[in-house]
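Both of the next two complexes hold chain A, though its partner changes from chain B to chain C.
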Partner chain A sequence: MATEPGGRHRVVTATAAVGILLLTVPLAVTDDYYLHVLIATLYFAYMASAWNIVCGYTGQLSLGHSALSGIGGYISTLLLINAGLSPWIGMFVGALWATVVGVLVGWPCFRLRGPYFALTTIAFAEILRIWTENTEEIFGIELRGAQGLSVPLKGHVPTLFQFDGKVPYYYIILAMLVAVMAITWWMERSRMGFYLKAIRADQDGAEALGVNSARYLLSAMAVSSFLTALGGSFYAQYFRYINPERNMGLDFSIELALMGIVGGQGTVVGPILGAFLLTPAGEITRATLGGKFPGLHIVIYGLVLILAMLFLPKGLIQPLRRLVARRPAASGAVAPQTKA
Partner chain B sequence: MDLIILGVAVVNGIVLGGLYGAIAIGLSLIFGVMRVINFAHGSFLMIGLFIPYWFWQLFKINPYVSILVAAPALFALGYGVQAILIAPLYKRERAMVLEPISALMLTAGVGLIMDNLTFMAFGPDFRGVTIEFASKAFWIGEFLNINYTRFLAFLASLGLTVLLSLFLVRTDLGRAIRSTAQNRDAAALCGINVMRIYNVTFGMGCAVLGVVGCVMIPFYPVSPSIGLAFGVRSFITVVLGGIGSIPGCILGGLVLGVVESVAAQFVTATSASIFSFVIFILVLFFRPTGLLGMKV
Partner chain C sequence: MPLLEVASISKSFGGNQAVKSLSFTLETGEILGLIGPNGAGKTTAFNMIAGYFPPDTGEVRFKGENIAGLRAWDISHRKIARTFQLSKPFGDLTVLENVMVGGFHHQGSRAAARRKAEEVLAFVGMAAQAGIEAHNLTVVDRKRLELARCLATDPELLLLDEVVAGATPSEAVAMMEMIRKIRDMGITIIMVEHVMRVVMGLSHRVLVLHHGETIAVGDPQTVSRDPVVLKAYLGARYAHA
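The block that comes next holds the complex of A and B.
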């Protein structure tokens, strides 16, 4: 990540430009559908970034993150339905529970590596999904199984996370995305970030040098679980509907991993790039050709994933970063060749 | 619990479990030799089910005859996927550390494409084949009846396992595959074309699914969405039995089949698979080499 001063300058300028663009977009885009595509894109960017905190930086592929999102969404929704608790509070309650689950599951799982870790996360997530799908009620609380839960409409009450129109949701998810970027950025530069990278490169080596790998892996897992569950709550409140298949299913986990990997895992911007490429492409394909070719957008996802694995194993961020690193030569500065 | 019902459940589980085992053989073989988790495994099975379905639907060809087409077709498909898509990863990895995750995600992409192209072509419906003796069954004792097509599938599964094991032990190609699994570089030094062995192994792992699909379609309707569930079930089977062990696969499949079938007597059929996942996790934590596993 050693970008020379010229490169950093450009990165800051670009970030500011994109930031201003994103802040003003809802002023220009008034069409509900396009606004929805934007919200979905930001939501996936946020979720892929949250996934990235543990998976991108530690190199352990989790395909169970959908369960954490489901925990968040279900808890905030259930608290609203049964206790009238505002999702603004409920989402943090859900996130805390997801953190507990994430750490408890992660603790034994991190002893496994590579595909074993990935398969075990699938197993845990599937257990939760199947259980939820087959549970109508528990302790007198209605879960409604595979049908899912609808969030009751209480009118446009901002304190209950219910707004008039889509614009407020846009700014909420944008703020969440900025927060997750800041956390990732800060983590990358902290001691923990360096430890995580060391663990990713060579776990035994890092441990031999005295890195307590379990502690740092679990810390990353805790942060990632917390953020993923917040995203799950956002999804439930935005769509006012949540069901086990869509919010806890394996497909959703694969989608998150796909965006992180295609964009570039283990970087701040990578997963966001992935989401910005894939989500609009998917949404628009679904809207225009979905009637004739249902599933076409997933074929496109699959193709992009294969191409990325074959030609850009470090993600889309790789060529972009090279671009940033090379251009200073034109302005006279001698750019040291940084390894992407 | 009624002992008779329990007995019937166990027998049904064994019959089904043999099939699970045969489905998982390909996954185990591919992982044992190449260290690649084929995430598209279930999708290959889905194709293997659709081939006999269409041959029956269009030309009225008996599914058991379709094996002659389905097995070579799946072999070619698997061979192609490995030679065109996965092989470049290996060539790149040679200098670097092995990254099994990239192969896993790559095959996940292949699976997504296969599932959704099939979905676009044929729609979401479940499609089955009804052959004459599909509904016939024979009785063991007074209470236990076994459907002929299921029993045939069970026998075919056992037969496949035995054939494949013999092939790996007795033939030159089989020995080459096993030696590649043991040590890629040493095998290459002995004059084995490792990449070709990988292609053939992947093709064989998929060809098994062509056979299984043909014996399965008479009692198991197919839809484009069944892939992932069967893929995950195969991972469980392989881990249970011990990765890379062919007889372990059948054992893992039998355990899984019996657990699912017996559990379905106590809870709803859809939640019975929770127990398989629990067993999977327990095995990974406490006996990661599986029931019959050893280092490949």
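The block that comes next holds the complex of A and C.
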């Protein structure tokens, strides 16, 4: 969106402030639990941003991104266990496979109009989850079915993605989040971003202007799949454990979609806002209420969702946008375009 | 060689023959008016030329190449642009960004697309509205925006589907002026239109469709006096008026 000079200045200042805050937080937060909540929040912000690249910008709803995350996590972990390959390399192998899978799933769907993509992604992810849960071994490689895989502990070996304490993981996921934001920001301003938003608004109209919609949807899906799988590898290495239910389950896919939608899909910052609202809300209510009042944390989570959708249907990004667009009181900045 | 040569294209939907063996040729720089009562097959003919669905039979030759059956975006890249009967702007994009989507047609660079879009917006007289989100536009401005989007792709042939529908008389006059200016830029035009004053005032030739069949083709004066055309439009009683 066209922001006038005053707005851009404000965005730069705000970004710098948030950046410094995020960089220094581990110095102040020494409690492992709160650091964990922060890492989980950044992780979800990263995953929701990766989801947003295809779903937010094109309006195609994927409820199967967990499968892509699972592919990333499983492949990097299996390569470490069976071949001793560092997850730093394994995560890219996993991401490439996830890209191939994502494109194959998108291929037929993007040639059709309607809810086929959403349905296919759900079906695909569920099939993959159920298959993994029931497969102990394939081609001599142990998958261990529903039990999941543990990442063998090697101690503090940075080259193998293993660190003492949580702080290094915090900086890794922060760097990944910054990278996905940069990619989204760059894409939004490029031809691809314009085309994706045109497809979302009116596919026929976009095609009349020379946009090969299937090709651009697939490109977005490929980028999104790649990034999602990288996040899945991070998750596996951070928790040192993955299983089909947590890493490939429908719940996880829905959570990503909710964060994107509640925060504001099709924007750089929206999904991150969603993650920063919903992840701590979920974590903290679960930790404080989960024991005493089982299920209450889900009720509260649901209430937060309902309120967000009721009052900010375009996402949490909405009031923030207005704040940015407002003209600074005493500067010579050009007045923003008034909306008729 | 004519710019466009439509050779007996037909289309039926189930048992309904929407267009029956439509043929015409179009020279560079011409404006052809496509008229006919509702359901005559005008928009279907557009959709076949612009690649929204393939004709059942026949060929559409653009600069000698058969483009029938090509997809919409491929046809756009052969420099044919179209507007839609119901203009739907990319609502959450600004007017400028809408036109930039067309401006990215030939060049990947954002700056070049923006330059192209600004140039076209100035041409259609919407430069002042560049920063407005497109869903705020009036019906007539939406039509102008759609025209601007098309022009940003640098078309050689422009298919206009009812661009003055919903306009006041003075707005219609302004739109006619614009269409003339576009023709003067060397862009060939086929227009589907219901407002007779506009079609008759702009077209070099008029083709009349009725129930999917071509019932008359010729210069506007001749066609408007053709008894078959009058009968189709006004009913048998008026055929001799």
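Everything below uses one rule, namely that the second predicted complex is superposed on the first by the 321 of 340 C-alpha atoms of A that agree within 3 Å, B and C clash if a C-alpha of one lies under 4 Å from a C-alpha of the other, contacts with A are read in each partner's own complex, and residues count from 1 in each chain.
One rule holds in what follows: a residue touches a chain if its C-beta (ideal position, glycine included) is under 8 Å from a C-beta of that chain, and two chains touch if they have at least 3 such contacts.
Predicted, not measured: the structure shown is a model, and the values here were computed from it.
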Answer with clash or fit: chain B and chain C placed together on chain A by superposition. fit
State whether A:A118 touches chain B only (first), chain C only (second), both chains, or neither. first
Residues of chain A touched, compared between chain B and chain C (which is higher): B
On the A-aligned overlay, A:A206 touches which partner chain: chain B = first, chain C = second, or both, or neither? second
Which partner does A:F194 reach: the first (chain B), the second (chain C), both, or neither? second
Which of the two partners, first being chain B and second being chain C, lies in contact with A:E245: first, second, both, or neither? neither
With chain A at the apex, figure out the C-alpha centre angle toward chain B and chain C and round it to a multiple of 10 degrees. 80
What's the minimum Cα gap, in whole angstrom, linking chain B and chain C in the superposed view? 9
Of all the chain A residues, which ones make contact with chain B and with chain C? none
State the interface residues of chain A toward chain B in the complex, per the touch definition above. 59, 61, 108, 111-112, 114-116, 118-120, 122-124, 126-127, 130-131, 133-134, 250-251, 254, 257-258, 261, 293-296, 298-299, 301-306, 309-310, 313
Where on chain C does chain A make contact in their complex? 50, 52, 71-74, 76-77, 81-82, 84, 88-94, 96-97, 100-102, 104-105, 108, 110, 113, 130-133, 136-137, 146, 149-150, 152-153
Per the touch rule above, chain B residues touching chain A in the complex are 31, 37, 85, 88-89, 92, 99-102, 104-106, 108-113, 115-117, 119-120, 228, 232, 235-236, 239, 267-268, 270-271, 273-274, 277-278, 280-281, 284-285, 288
Spell out the residues on chain A that touch chain C in their complex, using ranges where they run on. 1-2, 189-191, 194-195, 197-198, 201-202, 204-213, 266, 336-337, 339-340
